[in-house]
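Chain nomenclature is as follows: A, B, C and D, assigned in order of appearance, with residue numbering initiated at 1 for each chain independently.
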Amino acid sequence: MKLLEYQGKKLFAANGIPIPQGKVVTNALEAVEAAEQLGGDIVLKVQVPAEGRGKAGGIKFVDNSFHVHSEAGRLFKMNMEEFSIEKLLVEERLDIVEEIYMGLVVDINTGEIIFLFSPEGGVNIEQIVAGRPEKVYRLPVDPLSLPPVYQLRRFIRRGGFHGKVLEGLTGIAEKLLHLFFAYDLLMAEINPLVILPDNQIVALDAKVEVDDNALSRQKFEKKFWEERDQLEKEARGIGVTYIKLDGSIGVVGSGAGLAMATMDMLEDRGFPPANFLETGGGITEELMYNTLRLVCKNGNVTGVVINIYGGVNPIEKGAKGIVRFIRERGTPPIVVKALGNKQEECWETLREGGITVINSVKTEDAVESLLELIDARKVQAKTSGKGMM
Amino acid sequence: MSILLDRNTRAIVQGITGRIGSVQTNWMLEYGTRLVAGITPGRGGEIVHGLPVYDDVYEAVEKHGANASVMFVPGVFLRNAVLEAIDAGIKLIVAIPEHVPLHDVLQMKSAAEKKGVWLLGPNTPGIISPGIGKLGIMPGNMFTEGKMGIISRSGTLSYELAGILNEAGLGQSTVIGVGGDPVVGSRMIKILQEFEADPQTEAVIIVGEIGGSSEEEAADFIKEMAKPVIAYIAGRTAPSGRRMGHAGAIISRRGQGTVQGKIKALDMAGALIAKKPSDVAGLLKGCLK
Amino acid sequence: MKLLEYQGKKLFAANGIPIPQGKVVTNALEAVEAAEQLGGDIVLKVQVPAEGRGKAGGIKFVDNSFHVHSEAGRLFKMNMEEFSIEKLLVEERLDIVEEIYMGLVVDINTGEIIFLFSPEGGVNIEQIVAGRPEKVYRLPVDPLSLPPVYQLRRFIRRGGFHGKVLEGLTGIAEKLLHLFFAYDLLMAEINPLVILPDNQIVALDAKVEVDDNALSRQKFEKKFWEERDQLEKEARGIGVTYIKLDGSIGVVGSGAGLAMATMDMLEDRGFPPANFLETGGGITEELMYNTLRLVCKNGNVTGVVINIYGGVNPIEKGAKGIVRFIRERGTPPIVVKALGNKQEECWETLREGGITVINSVKTEDAVESLLELIDARKVQAKTSGKGMM
Amino acid sequence: MSILLDRNTRAIVQGITGRIGSVQTNWMLEYGTRLVAGITPGRGGEIVHGLPVYDDVYEAVEKHGANASVMFVPGVFLRNAVLEAIDAGIKLIVAIPEHVPLHDVLQMKSAAEKKGVWLLGPNTPGIISPGIGKLGIMPGNMFTEGKMGIISRSGTLSYELAGILNEAGLGQSTVIGVGGDPVVGSRMIKILQEFEADPQTEAVIIVGEIGGSSEEEAADFIKEMAKPVIAYIAGRTAPSGRRMGHAGAIISRRGQGTVQGKIKALDMAGALIAKKPSDVAGLLKGCLK
């Protein structure tokens, strides 16, 4: 779960990392009020979980309070990636002496946590990484023993800092590390972290991502911003992972690998997938029924391949959900490849419900079978169409 | 001989008194797996499917010489169960649960690496050495004894692969699910090394996926292997993973994690590339004379 | 700082260790009310920081609610060691199946923290320790890495426990360990920890001691119960350590070793010390003045040896306090041995104030000098007394 | 040669910018101590009494080869300062502060023992090797160079002892305050071993106190020593320490910690017992020919 900037900053402030003064607003009038309260020059920042808001025009510096209303109004009319703008962060503008990069991330390849620090941060961090990688310092962090503050101080000193600024940066590093572990974060990034003329240090941005698997032990309000699509949100409610794609064949797999293999084969046959969908190990009749409803809400879907295995999953129960869906809707064509524990019971239920069952071990057989079925229905539709005329 | 799970394996079931733990214990026993005890803190003294239940792993190690454990504890309790098993001297840990918090995975992985423990998972169907036993949730009837080793990042695709091999008359020595989570306990390359050294195994099939770099890392060893390796990588049509801020870009090497990149690395290392799972059988027959 | 039983139990309950239902009362009438609220059989327990309350008659089991008033009244009239009884804890009485001992303590010799556990606890724990030491299990705890819950469970299993009781005991051990570290405890002891017929586990007593040196980072209300004496309480207010003794010569040392050596020499000369007093490193004029006032409040004091060194201590400032005290009071005879930084300045101040200064390095010279001074005053007093007759 | 603090010592002052730290630094420098830098996080770049101030210990080690540190940080900050010094490779740490939380002391002690670091204190006046330098708060003019080693649990009594030795014409090789807290960083027996091996030292004086068991432990080594040991133990008339619940009784051996017990153990080990500090001079003259 990615937090929006203002949510991440709230978390920062609650844990002692200084942030600029600011207010979240939902319309241009509120933006004007907030700007008046703050006084002086301000910044307007759109609150969406997209990358590169600055370069996409989602961050506006407003020098004259006279222009706040019009600029805010313009931002609220924007779209960024798939997101409409529902909230703006109105913030004071600060005099900046230096911009720094600080972040914590998991390297999924090695399973290491890496603390990243660069004395040159800001919008151009990626160029710095590419052109002068020696300017980005990496400190691997053992999840079983966190670095004490004095090791952080020594690490940050490599950036050439001393005295009060070093102490300020060290304190923020310590707090960021604490946050990362205390809140089960997947990522915590401050770019830029800025030094003001009085040597105060302030986090100008906040990129925070919380581990969805840890939400049961964390107290975050569960708000999911990442789904780019209404169907993806619904999928989370059902308990499956769904990603919408551009093709026409719905895919339901009991594992991510199997679903992806099915998608690849569909693509190879010239029928690109309409979605990725993984049920995981929680199949029930209800889940399977809801899953099919979800997949078929995508108007492009002309057929569905269901590819499931019975290990912990009770595929015989899932079969009932499939049958119920087709009994109610009649359409689209569905082919089910279901193997494993209680496969015979599963097949019987499906066949009684009139569903095409593939008992081959090969996914391509299910794909072929579905394509034939779609083809046959087209012919049938044409024929019956002709008959009606 | 199979690898990791063999005739010397004496396994326990952590979380044996849970609903899934109990059902799966029964299936593992029916398959012939040598299970020696179950563990559930607070339930010591009970009996489940004929197995004594203990409060801690240490007791099962002391009394039964247990050396392997399969885990059916809820995801948020997995960390402590795994750390206990490692501390008690267990050498093979099969972590079935999905939805395990990533920080917990990192801690388990770090502890397992420090003690030289095989940690499969989390989010794995487990490991099966057909004819010997299985520690996991895979349906036993989908596998047959033989000489092919399988390493799979996907549980369901490993079933598909085994089915295809069975039809081609190619049984399996050991089939290992490394786990479907972004970070898992054991490196593919280490398992490859075991297969290379195993007298029973004649060829190895790698079932990979988009994301991560375990296949690229494995390629480094494939170059040196005497046994043939066939690789299938799923996910050409999958949307690429979302970025993790700038940090993701900073820590990852260019092009790593794509299906194309993986296939290229494996191909250059001498592995045969299957375009779809069923191609594996033909490729195998070609290289096993 | 030792907590009283009810304070320790409050801490237990707030951290998830079960305690009996009960109420603290300050008179017999409140005790009756509390007993009625609790219903059933009850226990009355005096709340004082003394050891062995049970054996000294400070714990009363009352079967008949009719007797609560008289029993409570009797307890409130008791004295235990030097303490009067100001509070009683009125508690429900529980059916007990087993009594267990559990404790955490620091071994000051090795600097180890030891977790202690015995499946046979209760009033006779010390006999068990003496007679069957194999029944007391010891787990050394590294302060840099606490034992995880599974190691505690394994340790407690050595007591022969299994299943639900083992799990309950393990949970309490984990919480006790947490308490010990989270609250900077010097000791945390539960004796007995009891198992009820339904396998619930309850802490029947609580001995908790907090590190005084950590009170600045802990949130305990600072109440000191250990001082057996009003003067000891006053000493804490001044910032010195004072223990009242039976002799007649007051002792003030700038370090504990020096004070004790002075006391030993006084004892050897047949003039036992009236107190132990250590100033530590915080001498000021005011502190020295207040210290002397405190020492001389003890009516037995017939003379004072002050034995101080100037390392971090500004002895020249302390001298002013001594002079001020004697100028105001005139009495008793005081001898000062003061050496170290600025010793000459110190001596000058004292001599100008009419105080006897010893510039020898030997403490016995100060002792001898004081005894001579006392003797001389007696002669003088007798002489002048004679003259007045 | 003296012990611990010698001509190779290059010391830093942690907490140099504090009031006491600054004053004591001046006195240590006036005494001739080789101080190379001061440390105060957040004050890097300043100069105190001619010494450069750094933000961390690592920098002083890198730039000046610092190998010893004397601490003037507030008691509750001492733990981190000590742990940093140990991590940075400092081998002698003199922890002056009193009122240090016991848990912090236990952590420092554990870390110092794991890394083989000398930790004197907390609550110590420090260490002085007359003629070479002092790391601590003892008045330098109370000590003279010579051949007597002193180990003292009491700061003030070590001054008294030195004064008595000076009058008797017996200077000191090194005088060490181990610290007045119930738990301190270094064991007396270890320091005795250093004195036994030190060519300059001809005899050792132990100044002990009621409580603890460091003197009893030291007695085990005194039996084997070639050099004479004189012991004075203060506290015969002191009230015995208060009990720590039953736990105190459970962990302590019978009779340990009393003045009588200590004297008996030291006497039996061959140490000469001084009844009062001034007796030490006579006892020494008797055994040094």
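Keep in mind that, in the parts below, a residue touches a chain if its C-beta (ideal position, glycine included) is under 8 Å from a C-beta of that chain, and two chains touch if they have at least 3 such contacts.
Please read these numbers as outputs of a predicted model, since none were measured by experiment.
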Identify the chains adjacent to both chain C and chain D in the sense defined at the top. none
How many angstrom lie between the CA centroids of chain B and chain D, rounded to a whole number? 56
With chain centres defined as C-alpha means, what is the inter-centre distance between chain A and chain D in Å? 59
If you average the CA atoms of chain A and of chain B, how many Å lie between those two points? 27
Could you list which residues of chain B touch at least two other chains? none
Which label fits the chain touch graph of this model best, line, ring, star, complete or other? ring
Write out all the pairs of touching chains, ordered by chain label. A-B, A-D, B-C, C-D
Taking the touch rule as given, give the residues of chain C at its contact with chain D in the complex, in rising order. 51, 101, 103-109, 111-114, 116, 125-126, 129, 136, 138, 142-144, 181, 184, 186-187, 189, 191, 207, 209, 211, 213-214, 216-217, 226, 243, 245, 253-258, 260-261, 263-268, 272-273, 276, 280-281, 307-312, 339-341, 361-364
Under the definition above, what is the set of chain D residues touching chain A in their complex? 41-46, 55-59, 80, 83-84, 87-88
Touching chain A in the complex, chain B uses residues 20, 24, 27, 75-76, 98-103, 105-107, 109-111, 125, 136-139, 142, 152-157, 159-160, 163-164, 166-167, 180, 182-183, 207, 209-214, 217, 232, 234-239, 242-252, 256, 275-278
Chain B-touching residues of chain C, taken from the complex the two chains share: 148-151, 153-154, 157, 162-164, 166-167, 170
